[in-house]
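There's a structure below that I have some questions on.
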Amino acid sequence: MNTFKIGGVHPAENKLSAGSPIREANLPKQAVFSMFQHIGAPAKPVVKKGDIVKVGTLLGEPGGFVSAPVYSSVSGKVSKVDVALDASDTRRMAVYVDVEGDEWEDTIDRSATLVRMDDRKDLDGKTIIEKIKQAGIVGMGGATFPCHVKLCPPPGSKAECVIINAVECEPYLTADHRLMLEHADEILVGVQLLMRAAGVDKGYIGIENNKPDAIALMKEKTASMANIQVVPLKVKYPQGGEKQLIDAVIGRQVPAPPALPISVGAVVQNVGTAYAVYQAVMKNKPLIDRVITVTGKSVQNPSNLLARLGTPFQQLIEECGGLPEDTGKIIGGGPMMGKALISLEVPMTKGSSGLLVMTEKEARRVKPDPCIRCAKCVNACPMGLEPYLLSVASGQHQWDVAEENDIVSCIECGSCAFTCPSHRPLLDLIRLGKTTVMGIIRGRAAANSQSKK
Amino acid sequence: MNKLIVSLSPHVHSGDSIQKNMYGVCLALLPMLAASLWFFGLGAAIVLATSVLACVFFEWAITRFILKREETTICDGSAVLTGLLLGFNLPSNLPLWIIILGALVAIGIGKMTFGGLGQNPFNPALVGRVFLLISFPVQMTSWPVPGQMASYLDAETAATPLSIMSGAIATGDASLLHDLPDTMSMLLGHMGGSLGEVSALCLLAGCLFMLWRKIITWHIPVSILGTVLVFSTLLHVANPVYAMPQQVLLSGGLILGACFMATDYVTSPMTGKGQLIYGVCIGLLTVVIRNWGAYPEGMSFAILIMNAFTPLINTYCKPKRFGEVTKK
Amino acid sequence: MNTILIAVIVLGVIGLASALILFFASHKFAVHEDPRIAQVAEVLPQANCGGCGYPGCGGFAAACVNAADEGSLDGKLCPVGGQAVMEQVASVLGMQASSAAPKVAVVHCSGTCDARPHGVEFDGVHSCRIQNMTGMGETQCLYGCLGEGDCEHACLFGAIKVDPVTRIAQVDESKCTGCGVCAKTCPRGIIELRPLGPKGRRMAVLCNNKDKGALAVKECKNSCIGCGKCVKTCEKFEAITLDANLARIDPDKCRLCRKCEEACPRGAIHAFNFPPKKPSVPEGEKTTTETSNQE
């Protein structure tokens, strides 16, 4: 069975909510729409206090090419345009909407009928990309890179295939798994749309084999489609990493940064993105809701919720039985790469794939012991780096050593810190080194370009 | 509700720990422990107990009184392991005071002078053993005959396979090799030697256990044993004065060293490639020292010499970076 | 006779060969050093005390040459030789000596644990830069001191320490050389080098909070809310400006009248090193407001 070739770990899966069907979350009383729901330039608010908005009304326009618009997911009145705490644990610009009723823009097709590719032969790649861009679709796996940018390859590179990331290698999360089981047809149309947009005639869907039901269903549905192939993958973290997935599915390795996945001809999109693309192109529905897994060992009722963007996490957790007494940590995303939140007032964004509650006992780190050079981090690193060396170099501010040893290749998957028997905070230090070294490299590049002038 | 905790990802841990690894190795040594008690009886019990207790005591005393650290590190299992390995490297009739001296050198000089666990460049147990071997060559090379259950200092001694082999090479008389025990008793351990090196079978069982628990990887044991096998076969074919390869493999501390001493985390290289180089060099050095050196046993010296090269190997043997391979 | 001859020839050849090797090696491996570095080092006191924040006088000379290439000698001061030496350095490098005023680090935060509670707990490596990567950090304020002491570790002179009670970095002015390492290290940029001022007296807004008033009030009891009262008080000298909801005192224009300190409703403006009671302040201020605890 395929998997990526270097490193990897296997955390306890804890897919508590795998059996719970997606249910729709209630509308919030107040929704908060961050203008920073994607990587790149923030969106610029186009509404002001007092404006009446409907579901699907534009709230923020893109602030550049690598950017995405933000739409309202509720109807009501804009109460203010101000900073708000968001999933980055900082306060950034956002639009607050007081919810009244549930009125939708007329342009959105809310019917459940499946629109197939054959029904819309008029769509060409450019139109699809334009639709995706307008709908504000970003990578829904958590990276939130604007989807349309990936579909427009830089000059000189050509896409050969679309790889759909249905791996969901993070422990606990089951949103993509449920989405595949319940919306397989829509997803497949989305995949076809993405393939047409990227101008390729080969699509792969990579699924880890801890989801046999999803693999079987997808195989059955794609039986008649010669150009889409379901690839079952061996369970290993971080298979959902873009580079690891490409390696696992088509056996090509993306060279070190700044090379992009497109350099080996692959366009990787999340399965949730494919679903959103279907809705945007075929149903004219901008990205206003998504499936999120609310889970944790202490949560009464771990579930997969279809929730509107902007809904505060507080409300989602209440719909799953409330916040447990002994909560020690709340994580936006999965346990390996998610971000610890400082408050539940944080609203849901386009990249919120999970909300994980950990008890104090689970959450607290163990005091680190000295490094015993066991090389487990070296064997675990999916990028073939030496985490022990990088963390020491960062800790001692030897940025040159860190740079020589390719610290910028680190994808921050956390396999090293996960596996370290001495509980050393390897990734904390490597992150520090990586940001510093990237700053040094940028500074050098700027100095070079200046001296050239 | 308590204060929420924030930290950077990852938020979960594999649950692995130093203790699990160290006690895992100790567990893998249990069959050998049983075998040595079976063959050497009282002497084995006294030597091993003294060695372990002395190592733990020195670790505790040095952290407490010399380094003045608040926390003690004896619970992490590394001192127990060092003591066990040191004991396994000694003959069963060694006087107590020599063992305690060996433990002091192993823990004090081999490990704590460099800053404790994780900092030592050389395997502490081997530092202790080699110190004793050089300081007390007579006591350290008189090996009791197995099967004397109730004797300790008064045990009867005899030549070990290794001394027979080096005798054959020194005199150039291949017929001396007929005195070697048969392969089966070498495999089971019915021969003279230090406590932990006699029963190859028990050691290999322990090694398999460590491989199964992923405490070690295959690179080091396989490369050492493979190199010794190839090298000694060549020598034997060239000149029958040199012992048969299976006799070389099963005699002395080769398997103990390959599986338990050379694989010590702290002093072995980090990458698979580096570990292979390290293993091959240890294998070559062992055969060279055994056959042409002054001491009949070369394993400890070979490992210590390669320990010194470990940082160099780490500098030049980088793991294969992602994306470095040529495109298919 | 023959022996002597052979010895002479052999030694001569060895000598010649060595000389040739040395000659080529000295050319091949010559390290080019900017000649100005040696010139600058010549005028320095050669005490190698490290008081400037560089590894000895040679390091300082190299730093001065680099700084001169970048256009300014600002922030470079030899604490031993003082202004006189710096002028010599400047003349060697063909530059203007930077302003004479010695500088001192000022931490622009007064959000003590009382004023700014630590609502969450950071569990990780104790480093400000790493805590800063989590976003807000332990408090609700995105701008204030994180209190993990990166500046403390960076300072070569032990002049800045995180107070264990307030969890804010405190500058020991007697030890601070104004080298600016702490300012570069701080991930939130709250440390600034300010002119020491006459007798060490100076005024500064000890807050870096750029949030709007209402939010700033919520975040910290000692925050600057950008109300502008100090700006009005200082209309005469125009030393205080308001930018992004944050007041800033221009040390060059400030006349040390301490009126702004009184005007500030948040206690965010601090007066450094003023005597506690003597009405010796210009314009005869009679108030006895507390002076900074950093004396």
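Read from first to last, the chains carry the letters A, B and C; within each, the first residue is number 1.
Note that a residue touches a chain if its C-beta (ideal position, glycine included) is under 8 Å from a C-beta of that chain, and two chains touch if they have at least 3 such contacts.
Model, not experiment: these values are computed from the prediction.
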A-C or B-C - the one linked by more C-beta pairs in contact: A-C
Central chain (by mean CA position): A
Where chain A and chain B are represented by their mean Cα positions, the distance between them in whole Å: 48
Separation of mean Cα positions, chain C and chain B [Å, integer]: 54
Between chain C and chain A, distance of the C-alpha-averaged centres to the nearest whole Å: 41
Residues of chain C engaged with two or more neighbouring chains: 119-120, 123-124, 130, 133-135
Where chain A touches two or more other chains, by residue: 89, 339-340, 342, 363-365, 425, 428, 431
Overlap residues in chain B, where contacts from two or more other chains coincide: 4-8
Chain B - residues contacting chain A, complex: 1-2, 4-14, 16-18, 20-21, 76, 78, 116-119, 217, 265-266, 268-271, 318-325, 327-328
Contact set on chain C toward chain A in their complex: 119-120, 123-125, 127, 129-130, 133-136, 142, 211-212, 215
Chain C partner contacts - residues on chain B that touch it in the complex: 3-8
Chain C-touching residues of chain A, taken from the complex the two chains share: 82-83, 85, 88-91, 339-340, 342, 363-365, 395, 425, 428-429, 431-432, 435
Chain A to chain B touching residues, read off their complex: 6, 9, 11-12, 89, 171, 243, 247, 251-256, 259, 264, 323, 325-331, 335-343, 356, 358, 360, 362-366, 369-376, 378-379, 381-386, 388, 405-406, 409, 412, 414-415, 417-423, 425, 427-428, 431
